[in-house]
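Each of the next two complexes has chain A plus one other chain: chain B in the first, chain C in the second.
This part shows the complex of A and B:
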């Protein structure tokens, strides 16, 4: 009886398992194929739309990619004797670009610190206002730097300060989010211990939370510093001073002054690579002991 | 532990504390010194003088209000009514705002008893409470007035031009024309321009009311007129936002597709030849280091301005970034799964497909989606440089230095777009790889 049931039902079960498995595989393949198809369609049609709305076509422009760099490089090579002088000439602009990035990272990190502590559950001074501080940091993060920079340039005139404020606002929002993800994982025991001794909120944060999160915070700030150097160069291009501004001027002169553009390219490239290397070295050191 | 040991340890600890205290105080001090240096390097004292509060006030008040111009051409005697003084906002022939009355004498009521009258023969009367009636006669290129020599600071007057600024509106008079600006809150003509039959009708009226335009149904007509609004250009704005998102999408996905195979070449586990590995890595470092700004500049020379240039600039820069991240992820894959797949007799390509890809896909997808959001923001900025998308419209509107309500509109849209992409990429990530803590 028992045997019969077992013997009778087992083949059916195996069959049904197999068929349901193949059905599942088929369905998954179908979904995967459909997703892939939609993705390819999106890519192709997107490319065509972008190509249509571009001033020059992709296929016409493709073989011209090298022309401009080749012009710049050949002219810079002809005037290579003057290159060190030009690099020295634009060095102050480079310092300004780096200063914009550094100051805005410092201010932004400070702002992000407050936003993160005030917007993290368990740490916030006013728990009811957590959503408010989160939304503030979301909005600050969403505003592209160029928006604030252009409006401030209108009000204050060109120069490094509009760029600095614009980048600092965005940095505060971006770091606020990353910081609060770290702060959420912070151990609350030291905070409770400090609270039991009657420590104020700022004392609890300074002595209880900051020592735990400092390595991560510094590491994120360094990463942000790399990003901000690029942002500050780009904002210079729309009139906010520094190396980007000089680059735009040098480009506007066109052929004959390509050596200046080349000098700026070299400075910018060198700076970005240099600070990337330094920052990644220190970030690795800071996060070394994290896994244990 | 002996006493000697204890004192030694104590001294050691004291030294440690001293050093920590020194660091703890010197870091803020260094930062403070740096800020002082910046204070002078960025010329902040000079900036306070250069910054113009007036411009800031115009910017803020214009961003949420609009003005209607009533202009009299003193040569022809013609009177024009136009929103923001633009041709696109002009009232149709025979129509005018309801705060303007009279035929022979045009009376403009600015509110709060501020009244301007356009009298025949190019005479103008301005009535302002608490101030004697101002009479101005325009003759040729000069103005004669009854204004006293001693003027309050809201009136500026010369022989050629008189400007009166009140909280209710602004009046400027020159020999050639007399102009009154009346300010109102809100974005005028946001839905329909004045030439549309739907202007001035509410939503319920359009949806359920009688047919306003005999040739079109209400809803279709209203949507077309709104979509083609010449003042706010909703269609162009929608295209621009689409272009910006398209730049980010094409750039990010293209970069990911290029970077994946290259990452295999750069990862130690999969690429035995050191030279090839190192070369690929240097390529990644190079394209990343050149930065989107320079790529944009270089590519704009080849492809001209437009969204494709922006997409390619993002693509090239991010190929470097993705390559680096992907190859690091590939180094960290678990060997056991690959061995298991190999034991079934899989060929190298199949080993990658079934042994490696499933392990790294969650990491890669998370990165790609994060970059999609971040690149939407970059695409706005790159668009401003290379000339495409919402970034271009925004910079153009800012450069006119007067369409601040449009600037405000674009800023709201940009923030909404970025927040939407943020939400969307988070949602997609949760769908594709599950929510992780």
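This part shows the complex of A and C:
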């Protein structure tokens, strides 16, 4: 049984197969070696360029990398008695940060849901507008939260609302992409079944698609919530309120207030670990429970 | 040679294999039969150490297999090759690479990453493929092959391990009758020519009768029959499959299902 592409009237011997395969392996190894070489060259040259343009110099600064954390830690250790009080003082700011993350995740997930359903082939209400909705979600995802937040703060002034809107826009774009990938794999037979009964588009989506994709959607949303807690803390740095704002103040004041910085770090770290654990627990339950 | 004592596997409160005792003195071709869920696959997976036993011991040539850990366990796995129903090849890699995976236990990860298999191994892999009649497929991707050819690649990978035992978990269940015969004949040839022990889970009674020296019947995790193919009478087969009096001689599992369905209708 000879294959047509190899096929000749002459029978192929084991020897010829061995030599041709060996040649193939040698060629592949050569390509692999060249790829590795190019990679190493790019890494080295790229590093040198970056190091040249750096104001301080990588190697000169490397040994100082531990100085700042050491200062913060030593000062925090000296004033360790005040830490519980500081943690309590900054707790309201933490609640604000989590609030921003939760609201923006909810709004963003809703937006992502509509973007994904309208942008998925086979499900979209207006199939011709699929590229439009896809590009909308691309744009929402492409602009970093911090840029939108800075713009909104410029217009509306500082506070949690601009941060919330900025994160929600980014979340809608990011989740829209992930959601539509899940929706593409959804089974269309239930949708067709519902269409045959005269159901509207929203009824078909609600009853035919959502039950199939809900576990994945919730799982992605929980993951996004974790990411958004970090994002909302960062946005505090540009004046959007919450824990990040306090952290910037504490760090900008320099020595003398490092104990406050340490307290905020503890809060931030504890929160992220806490929500990480909770959401990974529920995500596991959702994905494992799917089969049952 | 191989002694299995009181081997038990529990999944929660469900017992998949219940105190199995098997003793094999010399390389034999053994067929394990029983309906789906009887614990055949679990038994083979415990032998290969793909899953751990809950209780009991496996001894091979005086060595306790169940207590092996880490590198010693992987060394055992390299001496105890396994063939799967769905072939379990890497679909996007070529046939020879898939066969060379049989030597992974002897190679470092770094050498594997850069595809640095010795020339002698490559030649040996192609010779094994030639022995199984698929040498022409050597440079193709595994996914481009038919089911029967893929299963022979899996057998070649097993042979590349140079194992003492070859375990075959339903090797022909996803093949058409023609390819099934080729694959079973290859396993039989390997057993006869190389003197390797072959243990195969089989769905069909006639295959077990035709190719095996010894047949073990399992039902609900217990070994209910252990003897020669001649001792495997229709009555015994009925017991193993839990089928009624209308159970036919050359019955396969699919046929039993149809029989069951007819009973429900009636």
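Quick note on the criterion: the second predicted complex is superposed on the first by the 272 of 292 C-alpha atoms of A that agree within 3 Å, B and C clash if a C-alpha of one lies under 4 Å from a C-alpha of the other, contacts with A are read in each partner's own complex, and residues count from 1 in each chain.
Note that in this section a residue touches a chain if its C-beta (ideal position, glycine included) is under 8 Å from a C-beta of that chain, and two chains touch if they have at least 3 such contacts.
Note that this is a predicted model, so its numbers are computed, not measured.
A.B. asks: For A:43, using the defined touch cut-off, is the partner it touches chain B, chain C, both, or neither? Pick first, second, both or neither.
C.D. replies: So A:43 only meets chain B here.
A.B. asks: May I ask you to decide whether A:32 touches chain B, chain C, both, or neither, giving the answer as first, second, both or neither?
C.D. replies: second
A.B. asks: Kindly classify A:14 by the partners it touches after superposition: chain B alone (first), chain C alone (second), both, or neither?
C.D. replies: second
A.B. asks: Which holds for A:70: it touches chain B only (first), chain C only (second), both, or neither?
C.D. replies: neither
A.B. asks: Could you say whether A:161 touches chain B, chain C, both of them, or neither, answering first, second, both or neither?
C.D. replies: first
A.B. asks: Looking only at chain A, is it chain B or chain C that touches more of its residues?
C.D. replies: It is B that touches the greater number of chain A residues.
A.B. asks: With both complexes overlaid on chain A, does A:278 touch chain B (first), chain C (second), both or neither?
C.D. replies: neither
A.B. asks: In the overlaid three-chain picture, which partner chain does A:238 touch, first (chain B) or second (chain C), both, or neither?
C.D. replies: first
A.B. asks: Identify the partner contact of A:24: answer first if only chain B is touched, second if only chain C is, both if each is, neither if none is.
C.D. replies: It touches chain C, and chain B stays clear.
A.B. asks: Tell me, which parts of chain A touch chain C in their complex?
C.D. replies: Residues of chain A touching chain C: 1-3, 6, 12, 14, 17-18, 20-22, 24-25, 28-29, 32-33.
A.B. asks: Going by the contact rule set out above, which residues of chain B touch chain A in the complex?
C.D. replies: Residue list for chain B touching chain A: 31, 34-35, 38, 41-44, 47, 50-52, 55-56, 59, 243, 246-247, 249-250, 253-254, 285, 288-294, 297-299, 301-309, 311, 377, 380-381, 384-385, 387-388, 391, 394-395, 398, 401, 407, 411, 414-415, 418-419, 422.
A.B. asks: Hey, which residues of chain A end up touching chain B in the complex?
C.D. replies: Residues of chain A touching chain B: 39, 42-43, 46-47, 49-51, 53-58, 61-62, 64-65, 67-69, 96, 99, 102-103, 106, 138-139, 141-147, 150-151, 154-157, 159-161, 164, 230, 233-234, 237-238, 244, 247, 251, 265, 268-269, 272-273, 276.
A.B. asks: Going by the contact rule set out above, which residues of chain C touch chain A in the complex?
C.D. replies: Touch list, chain C to chain A: 96, 114-117, 119, 122-123, 126-127, 130, 135-140.
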